[in-house]
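Shared between the two complexes below is chain A, which has chain B as its partner in the first and chain C in the second.
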Partner chain A sequence: MEAIAFYLFAVLTTVMFLITVLTNHALYALSALAAGMIFISAFFFLLGADFLGAIQIIVYTGAVMALYAFGMMFFDTTRDVVESRTSPQIIFGLSGLAALTVVAMFTAPIISENITALYPAIDGVGNSQMVGMVLFTKFLIPFEVAAVMLLVAMIAGIVLAGKKMDHSLTLMKEEEIERETNEKAQV
Partner chain B sequence: MMEITLQHYLVLSTILFAIGLIGVMRRKNLLLLFFATEILLNAVNIAFAAISSYYGDLTGQMFAFFIIAVAASEVAVGLGLLVLWYKRTGKIDLDAMTSMRG
Partner chain C sequence: MEVAYIIETLIKIVVILLVFSALAGFGTYFERKILAFMQRRLGPMHVGPFGLLQIAADGIKLFTKEDIVPTNAVGPIFKIAPVITAATAFMAAAAIPFLPQFTIFGYTVHPIVADVNIGILYILGVMAVGFYGPLLGSLASSNKFALISAARAASVFISYEVVTGLSLLAPLMMVGSFSLIDFNNYQAGGIGDWIIWSQPVAFVLFWIAAFAETGRTPFHLVANDHEIIDGFGTEYSGMRWGLFFIGEYANMFFISFVIVLLFLGGFGDGSVLGALGFLLKMSFFFFFFLWTRAAWPDIRPDQLMWLCWKVLMPLAVINVVVTGFVMMF
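After this line comes the complex of A and B, so read on.
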């Protein structure tokens, strides 16, 4: 049963991410990426990391994808994306890096056979409870730093994208908007 | 059916990471380049969760949490910069961003 679920979601995730990477249409890429994020949360549920799966759905498909969707309103996304070829040296270098990553990922669990759990799972305690116990004791300072980082990111987003936010088209009268467009047309 | 082991998850994570790398290599549009980086971060998250589960250790899940937090703030700042750049130049191509000439 677990094997069927694993292979099903593995194929689905791979196909979705391939669409994201290879399509020339920005909206298809966004939709496929959102679907792939949801399928990835299935792996977290399979692995018993329930809290992480819920966070994956909430943060990635809820917040990040919505942010991208709203951000895409600023860009011209109906047009096909044209990709120009990069230089072969860069492709060669990055392919070598990818191969090296593969080797490192497969050798890392093999060379560390005598690995022991630093914060072992406790019997009879749910995943969310366990995560809370570890997060608020051993990882409290990184947690607070992450909170400050998110605050900084929020302020940075407002400062960067929020220029001329007081200039609201919905609160202006029709004549004002028309005058402004006429002025722009003259310039 | 054969049992799903840690290696299965690591292979899947590697495949997804390679897909993300292909995206990073291929894309010239900055918005779609961001999508490729999201794929990279998610591939690593799967590997962390799998190792965390198979060794019975919660540290991997903690790292995955912080990666998600970093990804969220990266999107907020990156998209802000992207909107600002699009307002100024009207395009978000990577090749057009060569204002620094050394």
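After this line comes the complex of A and C, so read on.
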């Protein structure tokens, strides 16, 4: 049962990401990437890591892909994207690296017989509680550093976008907008 | 045992699908009737008694209408988008307990498809995926009104997910579990135990965000009839458009169930009275969706963003901090 589900989702995920890479169509790439992200969460569910599975869906599909979708608003998504492949060396190098990674991934289990979990799963403790325990004891500092980085990014975003925050065309009267456009035309 | 479990789950899935697809049809009827009575009209009344067969007539119309895919649209994505809306709505239902467990012919039935221990997180995640329906549908249909709708869909859903998540954080801290059944058991002691009394702010915020998540009237910008035709649905016809509709109404029902389970005691101690009360409370929230549509105008996109980021989100954060302090001391 578990094996069937694993192979089903493995094939689905691989196909989705292949579509993402191989297609010239921005909309196909976006949809396939989103679908792939959802299918990946199935592996977390299969491994019993429900919390991470749900987080995978919420963060990657709900938030990250939605930001890509925001970017897509500025393209004509119904046309093919013309890609220029000027450097075959880079493509060769990257695909070679990818192939090497795959080989490493498949041979890794050979040397992994004596692997033991650093933080073994505790019986009778919920999934999310276990994540919380590790996160707020062993990995507290990286966690806090990530929080500070997010704060910095947020402030930077506000500074970048906030220059014309008080300037709202929707709240202005007709005459004000006209006057402003006239002034701009004169300049 | 294994086979029996699989069969039981399949039966539950089929029952939920059938009941809520039918309820989506009845939902349109209730909406028309209630809107009509609030506006001193009669609503549908010619087809069948009290116009009840109007649902059947609408169904026949939707199923037999020609399925048009516009020439410039991106075919596969255009065709799959309505399915995403409907499918995610029903997937979210998997973690909702619709009734307390009951025994029939000596066999105990748990009316929940999968009691995962991260229930509410799963529901939020799947509902978050639901916005790909309107988004992909409108991007694929190469229509200017649909494009505006896509931009609005992306901004509204992302913003209000923040409010939903943050407002839920405070009750989650109190209960200490993501499972909706644990939420229900936490409040099983009676009206005094309901989370709404200890978390009124979270309740109101979640309720407001529910309107945005389902795209109902005060926040109906994604498909605002009077300015962008039908938004993402402009190019759709027949049953594909109908699937968007089923998804929207199913979502309204499911979010009403979730609100009651989270804040208003759910089915209580699991008696017949509790189950009846559960359905009554759920119906009130569904009715409230329709009531608001009759009573409130739509608001502008910039007002919606202002409300989300400058009012609701700070309130939600303050609520979480206050809850934390109260629980600590």
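Structural remarks
One rule holds in what follows: the second predicted complex is superposed on the first by the 142 of 187 C-alpha atoms of A that agree within 3 Å, B and C clash if a C-alpha of one lies under 4 Å from a C-alpha of the other, contacts with A are read in each partner's own complex, and residues count from 1 in each chain.
Here is the rule we use: contacts are C-beta pairs under 8 Å (C-beta built on N, C-alpha and C of every residue); 3 or more make two chains touch, one makes a residue touch a chain.
Bear in mind the structure is a predicted one, so any value in this text is a computation, not a measurement.
Once the complexes are laid over each other on chain A, chain B and chain C both fit without any clash.
Of the two partner chains placed around the shared chain by superposition, chain C is the only one that A:34 touches, whereas chain B remains out of contact. Applying the stated contact rule after C-alpha superposition, one finds that A:153 touches chain B and leaves chain C untouched. By the document's definition of touching, of the two partners only chain B reaches A:105; chain C does not. When both complexes are overlaid on chain A, the residue A:63 reaches chain B and chain C alike.
Comparing chain B with chain C, more residues of chain A are touched by B.
Applying the stated contact rule after C-alpha superposition, one finds that A:17 touches chain B and leaves chain C untouched. Of the two partner chains placed by superposition, chain B and chain C are both touched by A:72.
In the superposed model, A:8 makes contact with neither chain B nor chain C. Distance between chain B and chain C in the overlay is 13 Å (nearest C-alpha pair, rounded to whole angstrom). Residues 30, 51, 55, 63, 67, 72 of chain A touch chain B in one complex and chain C in the other.
The touching residues of chain A, counted against chain C in their complex, run 25, 27-28, 30-31, 34, 38, 50-51, 53-55, 57-58, 61-63, 66-67, 69-70, 72-73, 77-78, 126-128, 168, 170-171. Taken in their complex, chain B has these residues touching chain A: 1-4, 6-10, 12-29, 31-32, 34-36, 38-39, 42, 45-47, 49-53, 55-59, 61-62, 64-66, 68-77, 79-84, 86-87, 92, 95. Here chain A touches chain B in the complex through residues 1-4, 6, 10, 13-14, 17-18, 20-22, 26, 29-30, 33, 36-37, 40, 43-44, 47-49, 51-52, 55-56, 59-60, 63-64, 67-68, 71-72, 74-75, 81-84, 86, 90-91, 94, 97-98, 101-102, 105-106, 109, 115, 117-121, 130-131, 134-135, 138-139, 142, 146, 149-150, 152-154, 156-161, 163, going by the rule given at the top. Of all residues in chain C, those touching chain A in their complex are 72-74, 76-77, 80, 116-118, 121-122, 124-126, 128-129, 131-132, 135-136, 139-140, 142, 147, 150-151, 154-155, 157-158, 161, 177-178, 300, 302.
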